[in-house]
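What follows is chain A paired twice: with chain B in the first complex and chain C in the second.
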Partner chain A sequence: MLDNFNHLVLPNINLLLRGLSVTAYVCFFAFLLAIALGSVACLVRLYVPFIRVVAIGYIEFCRATPIFVQLLWVNYVWPELFGFPKTVVGAGIIALALQSSGYLAETFRSGIEGLSKGQRDAGLAVGMTNLQIMRRIVMPQVVLVMAPSIVNQMTVVIKSSTLVSVIAIPDLMYEALKLVNTWFEPIEILTSTALMYIVAIFLISILAKRVSDHFRSKFGLAGLV
Partner chain B sequence: MKRMAAIVRVVELRKSFGPLEVLRGITFDVREGSVLTIIGASGSGKSTLLRCLNYLEQPTSGEVYLDGKPIGFRIEADGRRAPDTAANISRMRAELGMVFQQFNLWPHMTVLENVIEAPIRVKRLARKEAVDLGRRFLSKVNLLDKENEYPARLSGGQQQRVAIARALAMQPKVMLFDEATSALDPELTGEVLEVMRALAKEGTTMLVVTHEMGFAREVSDRAIFLHNGQIEEDGPPARVFSAPTSERCRQFLSKVLH
Partner chain C sequence: MLGSLRESLDLTLFWEYRAILLRGLLENVYIFLGGAMLAMILAFAIGVARLSRRWTVRVLSTGYAELFRNTPEYVLLIWVYYVLPVIFSRLLATRFNFSPYAAAILALGASYSGFMSETVRAGILSVPREHTEAAMSLGMSKWMIMRRIIAPQAIRRMLPEALNQFVSLFKATTFVSLIAVEDLMYKVSMITVHEMRPLPLYTGAALVYCAIIVAAAQLIQHLSDRWRRRGWA
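Moving on to the complex of A and B:
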């Protein structure tokens, strides 16, 4: 087994690491886009009554569609309908972002609705505008309170990203499958791949938890949540 | 020091929440530099009245004027009333400081940041200027040594004093106190009342909703007793507290004064 590991995994480690970097790239931009789309969807749902129903439709659509379907749909249907995305990587990022944005929108919404009304009142009473209150008072607290769910969503994106190999994005899973199909030795290759995912997700979770715990205890939010 | 001009004028103020009419035509003036206490049982509309003054609640009808300027509406050239812009409403709110029952400090900001936030964002003061201003008001509530603490590390009384400093830092024309000591343990109310007493002495115009009858009697120039959204009793505190003409006011006082 160790023997197999030595001549299957190690000589190809660069290939796997290159795949991992593609995974990181796709996940990073997918998550950024998800945060942006999720914020917009959440704010529209809460504060723009006349297109609220559009936001609800969007959120429910994103959450109810399997990621696999979304990937194929964005990759094959969108270019025909909208003329973009032009690359598979673009399609992968958009599809991953779509799904996460639905969940993040709901996370942000429960964070905003959970914030006491007095926090906004205090801002209004000193003459702050709604936009200032959102930016300075509501958002920072929502991010702090919701940090665990947001981090969790980040790990979901990483795990879902293993599916982007089906539209031929050369991510870690894609490279691993290619090796498996070349050597027909799945045990070492897939085990190593799984380990790489575990380590990546573990590191991100630990780091994010450290950071959010630091701020939550500093502000005394730990007791609130 | 005390001038006769009415700085706050409330005319026939009404407020309904759905079918429930909470304020049923409230009219009164507050002179500049005077202290008005508003008393009444819970549900009598005291808090709603204060919240209508700075437009945290939108009155159903009636008018509120601050220093002669209407709050929440403006008079068009043809004499008709039109809702005011959000920016103007914010500007008017900034001239009325409000202290809440639950303090409502922003937990992710330090004490000093809480106090200087509005001077920086709303008044557009330079940070250094705002910090000087903030420290001045923090020392006024005896909390200068806590400027770098976060609110969660303070006692309720300290938090409420920070909230007072935060409101004062906007240098409002009028201060509104909405049951500022009701959420505090009895041993902590004293330090907050002391700050309020000092403000009254300096000639700050104050509208105070309170259950602290002793304090109300001692500090206010005038007291109003609200019942079912109407003013039942209105006069100098000595009369309202000692010889109220309204039977309901007498009953209320006998309950709260034991």
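Moving on to the complex of A and C:
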């Protein structure tokens, strides 16, 4: 088994690492886009009365549709329907972002609704505008309180990103399956791939938890759940 | 764009194939039920083991939960389908193969048991210690305390979180089509190859999944709310 590992995995480690970097790239931009879409959906749902229904429909659709279905839907239907995305990488990023934006919107909403109304009133009393209250009082607290769920969602994005190999984005899973189909030796290659994913996700979640704990204790939120 | 919008929302093609697609959806449901059953059994075992008094049991079960929580479901699915049979064949020195169904149920069940064991652990911990102590002072056995005191309260508290897990599990059953289980997405891809019209088919699939999950989640929540309130005291 170790022999096979030396033969198959080590010479191709560059290929796998390149795949891992594509995974990282896709996940990073998907998560950024998800945060942007999620905050917009959440704010519309909470504060814009006329199109609240649209935001609720969007959030429910994103949360209730499986990521795999969304991926194929965005990849095959969107280019004809909306004229974008032009590349498979774009489709992968949009699909992952759609899925997570629904969950993030709900996370942000529960964070905002969890704040006591008195804080907003206090902000108004000292003459802040709505935007200022949002930026200076609501946002920092929501981000800190919701940090664990946001980190959790980040690991979900990485886990879902394994599926983008299906639409031929050359990520880690894609390279691994290509190697398996070349050599017909699944054990070592797939096990190493799985371990790479596990270690990556584990490290990222620990790191993110450290960072969020640091800020939470710095700003006095460590006692909160 | 308006033309393609009308085309993608024109679901007559989707409706034409309803018999085939429905059979595919049934496969999703079977795999969901199998996976959910396996996940629940494993999750209870692991969740209880994580609260064990022996540290070896605790460490092993926590390791198990962390391992499966951090493994992407798709990677686990592929691993179980391609690697596990080869390992078994070498160990048993005979040819051994999983059917795609068995691999799908095993992989999804194991994957979600990691998440659910966390829910089970939190549910058991949410029952106050005094209840257990009171039961012990009445002379109940360990098994009886679990069955009569802890489980009824813990399960009611676990339910909302478990419901989320089940929704995720159902969503995860869509990618078993990648190991050639003939589920709804598999049928959709096959029909797309045949008809060359991806717009209505993929849109239809997305809408069907969305509708099923929203409806099922609402229904289960509605049905279980009364049962949960009854035991609340």
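Annotations
Going forward, the second predicted complex is superposed on the first by the 225 of 225 C-alpha atoms of A that agree within 3 Å, B and C clash if a C-alpha of one lies under 4 Å from a C-alpha of the other, contacts with A are read in each partner's own complex, and residues count from 1 in each chain.
Following the convention adopted for this analysis, a residue touches a chain if its C-beta (ideal position, glycine included) is under 8 Å from a C-beta of that chain, and two chains touch if they have at least 3 such contacts.
Since we're looking at a predicted model, the values are computed, not measured.
Looking at the shared chain after the overlay, A:Thr129 reaches chain B, while chain C stays out of its contact range.
When the two complexes are overlaid on their common chain A, residue A:Gln141 makes contact with chain B while staying clear of chain C. Touch criterion met: A:Asp121 reaches chain B, while chain C stays clear of it.
The partner that reaches more residues of chain A, of the two candidates chain B and chain C, is C. By the touch criterion defined above, A:Phe84 lies against neither chain B nor chain C after alignment on the C-alpha atoms of chain A.
Contacts of A:Glu60 after superposition: chain C is touched, whereas chain B is not reached.
Looking at chain A, you'll find no residue that touches chain B in one structure and chain C in the other. Interface of chain B with chain A (complex): residues 54, 56, 86-87, 90-91, 93-98, 100, 102, 104-108, 117-118, 121-122, 150-153, 163, 166-167, 170. Partner chain B is touched in their complex by these residues of chain A: 116, 118-119, 121-122, 124-130, 132, 136-137, 140-141, 144, 215, 218-221, 223. Chain A meets chain C in the complex at residues 60-61, 64-70, 72-73, 76-77, 80-83, 155, 158-163, 166, 173, 177, 180, 186-187, 190-191, 193-194, 197-198, 201-202, 205. Residue ranges on chain C touching chain A, taken from their complex, read 1, 4-5, 8, 66-67, 70-76, 78-79, 82-83, 86-87, 167, 170-175, 177-178, 185, 189, 192, 198-199, 202-203, 205-206, 209-210, 213-214, 217.
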